[in-house]
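You will see two complexes here that share subunit A, one where it goes with subunit B and one where it goes with subunit C.
Our next item is the complex of A and B:
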């Protein structure tokens, strides 16, 4: 029987399930087939694709790369975002201009800004090396060396998404209660102690939320890599998403890429759940 | 001591501001360059360091083989983003209200599981769904069409709308609904007459997030469209891979990021008033 409450929930639930569930189930089925560019179709080859995933070094390397990439970028974003939020939290001159300015990068399209960053990181014609040469640093091979490309991706990700951390953390700071600060002032705590004993603990829930949201988004890194480095040089900046894209949509190994996708998805869910639980335990001191 | 601290703080703020603004200024400067100015190394200030030219901007609106068409992708992007955002907002708001006010139970599935089903869609990497979406849209004739993209974008944006609105409705006291129903409203009447008018702030925040993630998506648009229904991000990437000059690229990039950069002003306003706090718990 449909009651009024069902009129609220069902339209969205049915729509989302219809759009998501079929493709997901289809992916599961395809991952057990040998569907490729020579022969399209749903045959059944058992778990062969998954055995191949297990032995695919390039895939596991891309996962390791993604782990370090997302840990480094999210840590940088959190520290910078928190520092910036603290800096414009209380009265400062030009507060609103700074706040608006700091938000802008997250509103811009990642691939579009990556196109601009590519011109900026150009070895001989870009401004980055031009400015570095003024302080005596020789031309840095930003996009043509493995280390340079990795740093470039980190830099662009930090530029793009620190604003998101900043937004969540500042929204949290703005709504903090006043009383603990009065108490700290009466106790004669300086700014440093007030931060570690009042602000940081009060901000723990917001911090955890923000870090987890960013880790989720970072686990999907693909747009920046696609435009900036195409996974290169070699496979130096290849992330799992990009590798699966190459296997699935360039080589058209549909069956194998489905198996890769599902392995990737399951690993992401497990890892992110563990990280979320650990963060909860360490920062809030309670079971999630 | 306090003075040095203040000075250091401003230096940091200005330093970060420079980092944030530099790509835009570089793009603006480059968009007025010509071949000579670009190939002679990095220059920044027009008139002083190079003679400005408007060739880049003109090329975006010129017709014929010289021209790069920005108007059609711009209209496509606007339509897809707006339609998908509005549908997601309507469905998401209704669902979030239902989940925040009523108990649902189907076997072992409870409210929190349904909420998790919605929100967990954000974990899904786009690549996992890309190939099945491609085959599915091919089957129903939705490849390279606005309608097909809207369908996919709803899956992308609906979880965001539900996520923001559930927390928002949690901050509206249920007594408000009860009073409306005592006054003779049906549950649906109470929602439209009492709750909805009080939810504008939440809907604006959810709407902004839908616009941001819709307008900025690249991957699905890239895989599910070819030439007929090109969106802005796809158009600029296809320019990037050909031999398009930097001045046209820069002008193109500036036009495609400006509309949403203006949204930052609105977001700041809501944040300062504390309206965002409830949305991010």
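Our next item is the complex of A and C:
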């Protein structure tokens, strides 16, 4: 039985439905249509688009590529972020300046930074190869070889998003209790042992949260790829988000790109849920 | 009928204004708008100044600044000042332009009156465009437009795009190298061949490879042979078409370049296209560092900046090289795209040999404009387009490289105009002869101007990129493209595509 107080929830529920449920349900409906550059509208073609997704090798290859990319970038971001957080955790000279400096990459716009990186890595006109040549290295095919382009994307991602990891992990470190450290000191544990026996386990919940948030973000990587490599050379750096962009907005295959998006969404939800469970089991030692 | 009525009324109005214009022109000074003088013409400054569109609004969508976006903003402001109309201009990056126009069309929204876009999208947009009224097709500016660009603006016999740019691919090269006796002698001694402007793509690759990796212009920096647009999603498909055309477009075989018009079977994996792709792959050895991922901007700066010996694409790199501050100004020239001495004959299934190279000039897509069929004020919209491309504005815009407006009228093929910009006579002559020569060709190639052209070109670019990156062989990559094209034909509809493709074949076969 609805009481008057329940009606106060209505504005929030309607807003929620409008901004989350409607677009999602509309995308589901579009994915069962043949909406294309010539055929606009919501006709019904059953699961044809989904059958096409399963036969689309380029999509599945991009998904495998994304897995490697995410694994490498998030691992590097975590290690570097943790190291930087530890470096400014305790009282050090210039602590505040370092904390702000470390955060600057995250505060820049990804598209703008990608343009700047592309300019720096430009093999003919950019400064990177010029500088490397002074120490006898190069020229490095940053963007024109498959391996170089893949590494370049990793480099930009790590540069841009390590500060995010740093921020979360520093917040976790600052809120750690003092007592376990006192106990470790009394027991004669050195810095290395204190880190592995005290800091790392205590930081596990924060670490898992940070890693999952970054994995979610990394799985949506689009702007860096778009600006830096356009998915090339060949398809060497093409990710699912960029591929869906091409199919949806360049090719205007609206129905098919909706099916790609939903398939991708479901796969991401399943994969990230499994990863979160596994991390909880191995790092915290219990079910989430 | 409604269009005819609007057209007739507009014709009378424009004729009256045009008749009045000399008197008005004498009274008014329009040089404050940046033009040298107001030239006689149907939609010149005086004629448009005589109109009053106060209280009326025009919504325009165009490309980002500067290419086409800048002249659109400039002429919109002028039009508003002259007529009292309110002109709103929306600038959109190229990657978003198609969908920003298509979504309102498909959803029936009257979002924009005037549209500036890539002319090859005519196959997708024609259903939503207002035919150009007779008053404007008979205007002074339009009668000067070359036949080929009138054809580009026409769909099923009706003009639906308003020509305001002309584009084609052609070869650009450094005359200070090709005419250098020392380098000529060195090339002859090292290769056994005389150094000459490449007439085939094999010759192009050979010359480009030879002139790669050493400082042939003495500026202390290494130079390279060829700058080409090779980045997958950055117009690389056009570069590939230029390279494949002479091998795949047989002068005696009619009925389709990309498809067999009768069967709508893709021809993209036939030996002519495969040969073109193989040579494109080979050419990479003559690219500058990073040249395998060059977009159009990189190509412009590489050739226009003096790094490379040769290039081919739109006018931009040439115009860049001819800028006043350019260190290679008047050291460049234009020539027709290289050809092929072996051409694939799909009728006989054999390679035919030619003594003189087969040339297949590529009239690549350029910018075009149109008025939406849903526009509430078509008369004002067409007046704006007519004003945009009036004689004074066009000559003004041609002089500014970043505007992206290139010759498309017979009057633009006048060497004295280009010499007036500081071009030496031989440079201006080569430019004018190359461009106007393409108008005379009977073996031209046009873009695949059919519904879903974005899908076809995206698929082709991906296949070519895979082959360029060594992920697949040329044949494997193009077989994959052919399969995707067949699937696209099935999805969009064979009959629908055949009917559309017939428009392209008519342009190519005459």
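We take it that the second predicted complex is superposed on the first by the 275 of 288 C-alpha atoms of A that agree within 3 Å, B and C clash if a C-alpha of one lies under 4 Å from a C-alpha of the other, contacts with A are read in each partner's own complex, and residues count from 1 in each chain.
Note that in this section contacts are C-beta pairs under 8 Å (C-beta built on N, C-alpha and C of every residue); 3 or more make two chains touch, one makes a residue touch a chain.
Worth saying up front: this structure is predicted, and the values here are computed from it rather than measured.
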| item | value |
| --- | --- |
| Subunit B versus subunit C as contact partner of A:236, first or second or both or neither | second |
| Touching partner for A:72 - first (subunit B), second (subunit C), both, neither | neither |
| Subunit B versus subunit C as contact partner of A:249, first or second or both or neither | both |
| Partner chain(s) touched by A:4 [first = subunit B, second = subunit C, both, neither] | first |
| Of subunit C and subunit B, partner touching more subunit A residues | B |
| Partner chain in contact with A:125 - subunit B first, subunit C second, else both or neither | both |
| First, second, both or neither for A:206, with subunit B first and subunit C second | first |
| Touching partner for A:109 - first (subunit B), second (subunit C), both, neither | first |
| Which of subunit B and subunit C A:88 touches, first, second, both or neither | first |
| Set of subunit A residues, in rising order, touched by both subunit B and subunit C | 124-125, 129, 249 |
| Interfacial residue positions of subunit B with respect to subunit A in the complex | 9-10, 12-13, 16-17, 19-23, 26-27, 30, 38-39, 41-42, 44, 91-92, 94-95, 97-99, 101-102, 104, 114, 117-118, 121-133, 135-136, 151-152, 154-155, 158-159, 162, 186-188, 191, 212, 215-216, 218-219, 223, 232-233, 236-237, 240, 246, 249-250, 253, 256-257, 260-261, 263-265, 267-268, 271-272, 274, 276-277, 279-281 |
| Subunit A to subunit C touching residues, read off their complex | 34, 36-38, 40-41, 58, 122-125, 129, 139, 141-146, 149, 229-236, 246, 249-253 |
| Footprint of subunit A on subunit C - complex, ascending | 95-96, 98-99, 102, 106-107, 124, 231-234, 288-293, 295, 298, 301-302, 307, 451-452, 454-455, 458, 462, 465-466, 468-471, 491-493, 496 |
| Touch list for subunit A against partner subunit B, complex | 4-9, 11-13, 15-16, 19-20, 22-24, 26-27, 30, 80, 83-84, 87-88, 92, 96, 98-113, 115-120, 124-127, 129-130, 159, 167-168, 170-172, 174-175, 205-206, 209-210, 216-217, 219-220, 222-223, 226-227, 240-241, 244-245, 248-249, 254, 257-258, 261-262, 264-265, 268-269, 272 |
